[in-house]
């Protein structure tokens, strides 16, 4: 493995170019396109972070929307002006109600609370395998949603928290995105990442090699949840609203699709799939609007997903990183492995 | 009755068979021996239609005067109907089916109730323990009993050719002998046997003819006795110094 | 793979878009008036309210256009965006809508949460947003001066029902069932309880459920075993309205059932069937039960256009929202959003299907009379109109 | 709390459980044979409800004939879905089929919304089904009894079919091991298609019952009951028919008693409770109440 300095150098160049492009985008794009650009970024954060849980460690979790809801609400409550908090949220503990947090701190707190929830839930639930885990994490979405609906003193119930300060912008989104990619990249190519991949390929073998399987699983679950929580916060302050139904099962499904289409375990694959799916959904909208066939775009995307699954069952990239990214991946390439 | 000609088979990304050819004649026990990973199981799976060759042919004639059919173009279930029965490696008894049901499923393609009943009775004579334990789920049997059941199940389709994969695997020597005795009886009753075996000594002992498979190709062939005396076979497979 | 999918999509989109733009362009010589429609047309529960609203809105636009358009023959052109029951989709839809060149106003949504996802973007773009169905009376305060409601606020209808129940029906102890998953229903319950207890009534039992629940048997049994209840106030949306009546009546409970405009759907009659659909009182927009005037015209036109009777009151509200905006444009004599917004705020007597819309000075929630309907004999029977005090 | 109150809640739970059970059987059969959680199953339930509406309200068929139409419609859609989406990707990792099934669900739901709109519709039933029958201290409607009886009869028929017929035996063999099943001469494609057909037909009948009981159906009605039936299948032990039935009844009862016996503030937590119960059962009994370990095969 190369020295961190060299790694950063190779990372800094694309980031610099990206920043310049972003700046150009803020100058030239209309607000709608800018918003889409931000949702693309948020979806990449979500897909890439879900990839830690689902792709690296092979835990089939659908629970990302639950952690987004937790992170989103925490961030929203913290950034809300103190006067509105006391008026709108009766049951909020006074420590929280009295202060208005800066955005970065709120986002981090949102991510941490989501990660904490993941640890608490993960310790028992991650003993489950395969489909059972998928359904348990699906249940998590319902459970979190139920609490958001039924604790009006903290969440304002079904109405949700509206009128949040619109602090999310492209810079925040892409800063978090870079941090997410960086973290995922480092994790994947660290001993922790190799441990995760080992667990995915063969849990018994990994355990017999002295890998602390349970701890690694919880860790990867919590790491994914952290970024989901942060993304939830970004999302809430982009839409300026968070409601119990903001993050649904459907979203969890779309995220899984991104991970699987990208190639389970491939960071770049998940990122590219997230970009492609988000944009293609947007591009398809004018079709259904022009034709008056509302729902057609979702059908087209779903059919596309099935076709990809039939013809490229291991996703577009497998676990490997595609060649374009070879500049900093070449020597780290993992052997392509199809489960 | 079976002519495998120059087949190439890929399995799980590896080139498992590289131009293997062999022939099985009516009424024989033919043994196929070789090291782990030489391609023995792949050969059987290709004959029975679970795998498809990339090139080469597998022809089979159930009756002496019938024109051979090309098995590699047929589905596994059609191959069973044509008279080839494959008793897979590791017994693979249906754990959730009773012993009686395991036998019955072996006759899945047959409709002649009386014939089936008499064949069950035959198998019960061959393996009396299967009659005793008819109602027991398959996974409650011992390894030896499972092997007997697997052979019995494979015979229930009234095959002309029985493909038998590693019958000795994990069994006590006494049981292995018993099973090999029964194989000879089966042959004597008119079922041709293609036997894949790690235990080369025993296989060559009962085989009329044998083939040695190495890295996906046949390297040696001959009668069981000739091969048992071949120095290279003795060195590689019979543990002789 | 992804390349050909997105490529194909892009080509198809471009093709359809160009036909969509070229055809109207060739057919019309006058500049159209752009109005955006933001409704949840697919993916989930709200489409059963939003789709009729959208149909009502389209119908009104078509009728206006067929009658020669407004502002000297300019036609209304609706850009409809499906908000997919998703707040994110709603926000981006609003952003796309306000970017439409020459957009005059946005119309849409039947739920306050979703109105709150869209309206702030219209507010900051300085374009009026008229909600056809979201009824939280706080919406204009939360959003700003570009936010208008076509329906009355939930406080108005809930107070009206509370007064009617206490004063006219003489009820004193009610059980309340609330759909906790909708802002509309939780608000309705809050306002009803507020006025009903103020008048001296009591809430004997409170039970809650979620919109997707269909099995109310447990709640019915609890209601049955609670003594001293005079009536049930069912704070429900249209999806559960008929089911609730059916299940309560089937259990042999004959208590009067009270409800808000969520009950203004044919399902209340047809799901329980004629024998069981009785003693149900609900508040609604003043068109139900009216057989003449704009209400009748609307019903006939809707039937003709869509080959079905209006599914619920939201169809009429969408129709009125479009009409109200067209009226404001006419009065403003301009398609400048600011002028239209000003004209909207000055609406004093727009004769809609759902009653006369008038915005009091500085308020953007209309004062409209509340109709009270009694269900019985296989029909919706208009009882009375209530304008609640204070 | 009186005995009658408790009894009526138990009946409520049994009726709900019977419907969950019928949907759960299909989940379990399909899972058992292809290791696939078919998320489109809830939508086939909705297809059944609309097929029933069409044949009773529009085509005015007599009730037993309508049941037949519903069974056929469900089986047909199940077969179609299996053929178009799942067969081409057989042998792919589990997650692939799972995602494909969600994609199928999205396609079915959006097709329904596009063609017949998301409006709930009234589902009228013959009057005799709505009549009240006294039962001790409480009274029960004919339709409730019919639901429980029909669920039990169909379950018994299915268990008999799977246990005692040649085809049923072949299905069990296929569920256990594709390769060896083929060596027995079993056409596994046909067996898998049959599992989809039977499971979907039962879900469709559950859709008919749901419509008959609640009097209202909508294209999106399948989502929540579908998920809960899946929970029921898992609680019972996925892959086992009798487990699915047991799980269905247990879940229906637990859900109703949760709402009925706890203070009313908890009513809205009903779905949360269902999933919490699921997680709990899985932790204590990872293979469900009467299931065997099914996660062993890759």
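Order as written gives the chain letters A, B, C and D; numbering starts at 1 within each chain.
What we mean here is this: a contact is a pair of C-beta atoms (placed from the backbone, for glycine too) under 8 Å apart; a residue touches a chain by one contact, two chains touch by 3 or more.
All values reported here derive from a predicted model rather than from experimental measurement.
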item	value
Distance-to-centre winner among chains (Cα means, whole assembly as reference)	D
Averaged-CA centre spacing for the pair subunit D and subunit C, given as whole angstrom	35
CA centroid of subunit B to CA centroid of subunit D, Å	43
Between subunit A and subunit D, centroid-to-centroid distance (C-alpha), Å	33
Inter-chain centre distance, subunit B versus subunit C - centres from mean C-alpha coordinates, in Å	73
Multi-chain contact residues (two or more partners), subunit C	41-43, 180-181, 208, 210
Contacts with 2+ other chains: residues of subunit A	146, 149-150, 250, 294-295, 298
Contacts with two or more other chains, residues of subunit D listed in rising order	110, 113-114, 268, 271
Overall pattern in which the protein chains touch one another (line/ring/star/complete/other)	other
Inter-chain touch pairs (all)	A-C, A-D, B-D, C-D
Residues of subunit A defined as touching subunit D within the complex	60, 124-125, 127-132, 134-136, 138-140, 142-143, 145-147, 149-150, 250, 253, 256-257, 260, 264, 293-296, 298-299, 302-303, 305-306, 309-310, 313-314, 339
Footprint of subunit C on subunit A - complex, ascending	30-32, 35-36, 39, 146, 149-150, 152, 157-160, 162-163, 235, 238-246, 248, 250, 261, 272-273, 276, 279-280, 282-292, 294-295, 298, 300, 304, 307-308, 311-312, 316
Touch list for subunit D against partner subunit A, complex	31, 35, 37, 84-85, 88-89, 92-96, 98-100, 102-104, 106-107, 110-111, 113-114, 227, 230-231, 234, 238, 268-269, 271-272, 274-276, 278-279, 282-283, 286, 295
Residue ranges of subunit C touching subunit D (in the complex, touch as defined)	41-45, 47-48, 51-52, 180-181, 205-210, 212-215, 217-219, 221-222, 224-225, 238-239, 242-243, 246-247, 250, 252, 266-267, 270-273, 311
Subunit B residues touching subunit D - in the complex, by the definition given at the top	48-50, 75-77, 80-81, 85-86, 88, 92, 94-97, 101, 104-106, 108-109, 153-154, 157
